[in-house]
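What follows is a set of structures for review.
First chain A sits with chain B, and in the next complex the same chain sits with chain C.
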Partner chain A sequence: MVNSKKSYNPLSRMNLRQKTLLTIGLSVLILVLVVISSLFINSSDITTNFKIMNQPPSFEHLFGTDWMGRDMFTRTLKGLGLSVQIGAGASILSSIIAIAMALMGSINKYLDSLMSWLIDLFLSIPHILLIILISIGLGGGAFGVTMGVAFTHWTTLARVLRADIKQINTSDYVKLSERFGKSRLWIARHHILPLIVTQIIVGTILIFPHAIMHEASVTFLGFGLSPHEPAIGIILSESMKYLATGDWWLALFPGLALLILVLLFDIAGENIKKLLDPTSANE
Partner chain B sequence: MELKAENISFKYPSAKEYLLKDVNLELDNNKIMGLIGDSGSGKSTLCKILSGYVTNFEGSVTFDGQPLPKKGFKPVQLIYQHPEKVMNPKWKMKQVLEESWDVTDESLKEFGIQKSWLTRFPQELSGGELQRFSVLRSLNPDTKFLIADEMTTMLDAITQVQILDSVLKTVKERNMGFLLVSHDMDLVDTICDDKIYLKDINKI
Partner chain C sequence: MDNKIIIGIAAVAIIAIIAGAVFMGGSSTQRTDDSLVVAAYSHGGEPESGFDPILGWNYLAEPLIQSTLLKMTPNMTYKNDLATSWEANDNFTEYTVKIRDGVKFTDNTTLDAEDVAFTYNTVKNNGTSDLDFGSFENATAKDNNTVVFELNTPDSTFVDKFAYLGIVPSDSYNNETYGSHPVGSGPYKFVQWDKGQQVILEKNPDYYGKQPEFNKLTILFAQNEAAFNAAKNKEVDVAAVPLAFANETVNGYDMKLLDTIDVRGVSFPMTNNTGEKVEDAPVGNNITADKAIREALNYGINRSQIAEGALNGIGVPNYDGVAHSLPWANPEATIQDGDVEKAKQILSDAGWNDTNGDGIVEKDGQKASLNIYYSASAPERQAIAVMIGEQAKEFGIEVNATGAEWDEIYKHEYSDLVVWGYGSTDPSDMKGKYYSESFVEGTGNPGHYNNSVVDGHIKAAMAMDRNSSFAEWSKVSWDGSTGISPKGDAAWLWAGEIRYGYFVDNSLDISPSTALLQPHGGDIFSNIYDWHRVSSIEK
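Then we have the complex of A and B:
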């Protein structure tokens, strides 16, 4: 008997759906907290205080302080907030491009091959190189990076949507709908959109981690945000100079925080996918 | 009214041989016709051509002397052999019905559709239950000619008679044309005024 052993662990008593919901709730809560608290940090709050230069982590300064005596925890939090904002901009823009491309491809077969060609083109160039090129081309900064990431990350979602729309369009229920006198627009709105909206939501959330990582690495390499902005990439590249002198906390905590942030997005995305589309969870 | 097929020839793009060759057929709303043929002989394919599902055929199909309309509601409706294929898997049955017309409570009763089925998804109903929806949906007030492609093969004998009776009643009431496709000889003999063997009209 499985149930004879009484369980006192509340986690094991939950069903899969509840666990999924809990995971989504927790990760979204943490993400929201990070963004909100970062909004309350003014750049002027991050004061330089040369009396507390290069202090290792303590209860007062959880992540330690840097060479100008600034609290690393505050800087990291502010940086994460910025990352999420850029990530959001890039992901949403990216999804819009993907939807536009997929819709374009569904009009006729010439536009469809044009779209496939564009996808192959964008996939054949290494992401990071393309992001740097676009970012520099558009004058760098938050705008350049957002555009760079957006224009390199639409391909996966566009492919998925294209395949889905194609399958729905050739289905017998769409043909029957046409025979009931429904217009293309009516069919797009009632048959196609509800079937692909899950893919769009999940796709957008799953672009987030990539967007955040790419923004950080491009900024780290010096092609992204400008050095006076409180970005994680800037913090990491600055701290490289101090690693040799043994100030390990300068890079470790911001790096870890970024990693956790990215993981949270990934977890949230995968679980929302499971929740909205239970069939794909078994694939 | 008159549904007329002239010199229909057709082969599937993937196939080598023609499936239908020079098929001529005239149907009207005075006589209920039965179309009989062996499995795989092309009955379903001919139905799809007659109702405008398949358009890349040779020859012509006319309804009251006019080619089938390209836009708007099609007067010739086909009841599919496989009802699950013509229903959006993410739609509730109520939405599936309403896509065609606002069905009355009476007709729901007539076709033995329970109210509780309306809030279910297609995958949550049996084949026979789905077929009732498929049949009722095709009986839109604007439908002039109805083609039933083995619509009752997945039903038991009693339900089969029940549904066919309801369909025939509506067909007579609205003075519609009706073509019944089947390989069940007895069924065709009891229901139809006349019958056609596909192999007789297919010059292959």
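Then we have the complex of A and C:
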């Protein structure tokens, strides 16, 4: 009994770690494949061919074709790639904003309350509304959408970081370093940053799915990109028009692809969190 | 946790979309044989300022609620409607119109010459209408039945305006309330306007002309796929659908493709960009100011392919923006297009060469890269813009498409390519597009085209009798040495004429033989007097 339990436990721990690594590896591999393959598709190469309008899925056109005879598989792939790029840009920008805000908050209590006020302000306006406003304000296009998403998604991470920094600031070693006459910058670099770096990485990855979904919703609503461009939201909104004529493949495959993409990011993020933040592995 | 919610929402949305597709259909509102439900206010959708002709209600189509002085006939001549006779003086600066006796507005007041004069003068003074009233000076009622129109310049096309403008009652007209409570003398009277949804009209028993068969007319503002769905659900008698749906079949409905004179084409900025701006919109484009670029595009683009593809095989190639069925169409303006070699030749002769191997030609360090704007809500314009981009690449011109709302497009109309729709039974439509002063007045000519010979033809045609002016108007396209067509200045890139597709209930005869050719912005109601229910509606 005792023996078997002993041999079982380490194996199980190994397995979890291996499993986690495997999951991360697989999902990251698929995501990288999507991005790389989409980079090889030049959007002007997705040409129209009106002889093969609205064709259901076949081996030649895995996802079927749309009303201009364009191959939906390449369009979807290109759209997903665009989503990931916008997502990457937006989440990295969001994280930078969040870090800057959190650090600003740790300087003194006035800046801290300013920061909480800013967080509350951004949280009180519906994301979609703010994204639309910002992306129109910045002239639309992929840039506008990226900035729109970036400027709305920093709040949660900033909150987490702010709480963490506050906690660290009250710890004994920080107080000790202060007594030793170390500068605030030195403390930030040597005591605070190493402890919040996990949160930053995990937070950035977990902004991804949000960013992608919001990019899709904004383009779905017709803001940001032109209706002939292959963005996943545009593809989905266009598919709505052809549902009445029975062209189900226009909505199903791109929709599923988006869902899977977002799920992959979520899985990767959660597992990386388990790796980097061991306490959460026991949840 | 939060992510799970988002993913859940996405999953639900996708399921809802699929389910929506499967369960589409079912509920249907009750239609009756003696009334009409129509989702075919095809052009601009719901009229923003209501049903006020002075503010632009249906001046290119049958105004239904109001009546006009003249009406067009299927062979494009005019017949009297409110007018009993009309004549113009020799140089077309003064028109005298006799008005029908005993016409009542639906509020039971009498329509007389004063109302006619009032309507025309108000359009002139309020200036909110899209109508070109540039030549009109004023109208005066000489007696109860006579109106005299004074023009400031000879204009034989002023007679076309007689068929445009519905007459409003001068006593009760109020520009703020009339649009939502219109009173007129047309075949139908206004009952109710549910904004964003529909307008309900009822037969006007006092109408002086041929009474329509249907007692009630409901116009739904559903457009495009919404109109298509309405037909699928058997909620409407007539549904206007985009060309992309023209090849679908709907049980109990026939697809009727009606000829139009509506042409799609692309304007070129003709002048160099000198930094000039009109109302914050930049003017000019250094690339399209070079004739070689415009010519190369006109000869290189394959219009038959566009008609086959973007216009779903039911379009007709067009080279000069004048539909082939119009009396001033000019067959001489036709060119042999789709000639990629010729386009390349034109470009290289003018010094446009691909020096850096990217497939796009350059000249003096400037890349032949153009932007084309199209209305995001018009699928056929999107398809035209995308196809032009694809075809132009073959001979080394890059055309990047952008779909936008009109507010955005108007910021680029003087400096970039824009896909327009034009076409009118009124030849002065050409004045709007090509007359040099039209740009200055802001009434048209977005490319700032300026050719004194073309201006001369336009001026001459305006001073000629309408029927004899057609030959002069066709010289605007090509007069043997110059013109706006590809052979001449290649001022626009005209692509093709479209047709309007309607799903019409099998029980309804919309009398295609008496229908008028629909201009750009027209509608299907021109011959509603002849519509007939041949059998009961199949439920």
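Quick note on the criterion: the second predicted complex is superposed on the first by the 262 of 283 C-alpha atoms of A that agree within 3 Å, B and C clash if a C-alpha of one lies under 4 Å from a C-alpha of the other, contacts with A are read in each partner's own complex, and residues count from 1 in each chain.
To be clear about the criterion, a contact is a pair of C-beta atoms (placed from the backbone, for glycine too) under 8 Å apart; a residue touches a chain by one contact, two chains touch by 3 or more.
Computed from a predicted model, the values in this text were never measured in an experiment.
When both complexes are superposed on chain A, chain B and chain C sit side by side without a clash.
Legend: residue contacts after superposition of the two complexes on their common chain; A:Met240 is shown touching chain C, with no touch to chain B. In the superposed model, A:Leu195 makes contact with chain B only, not with chain C. More residues of chain A lie in contact with C than with the other chain of the pair chain B and chain C.
In the superposed three-chain arrangement, the CA centre of chain A forms the vertex of an angle with the CA centres of chain B and chain C, and that angle is 150 degrees when rounded to a multiple of 10.
Touch criterion met: A:Phe180 reaches chain B, while chain C stays clear of it. Look at A:Gly222: by the touch rule set out above, it reaches chain C but stays clear of chain B.
In the composite built from the two structures, the nearest CA pair linking chain B and chain C is 27 Å apart. The contact surfaces that chain B and chain C form on chain A in the two complexes do not overlap at any residue.
Across the complex, chain A is touched by residues 2-4, 6-7, 10-11, 13-14, 17-18, 20-21, 24, 224-225, 228-229, 232, 244-245, 248, 308-310, 312-313, 376, 379, 382-383, 385-387, 389-390, 393, 401-404 of chain C.
Of all residues in chain A, those touching chain C in their complex are 44, 47-48, 50, 67-69, 156, 206, 209-210, 213, 222, 226-228, 236, 239-246, 248, 251-252, 255-256, 258-259, 262-263, 266, 269.
Chain A makes touch with chain B in their complex at residues 171-173, 175-177, 179-182, 190-191, 194-195. Put simply, chain B touches chain A in their complex at residues 51-53, 71-74, 77, 80, 85-88, 90, 99-100, 140.
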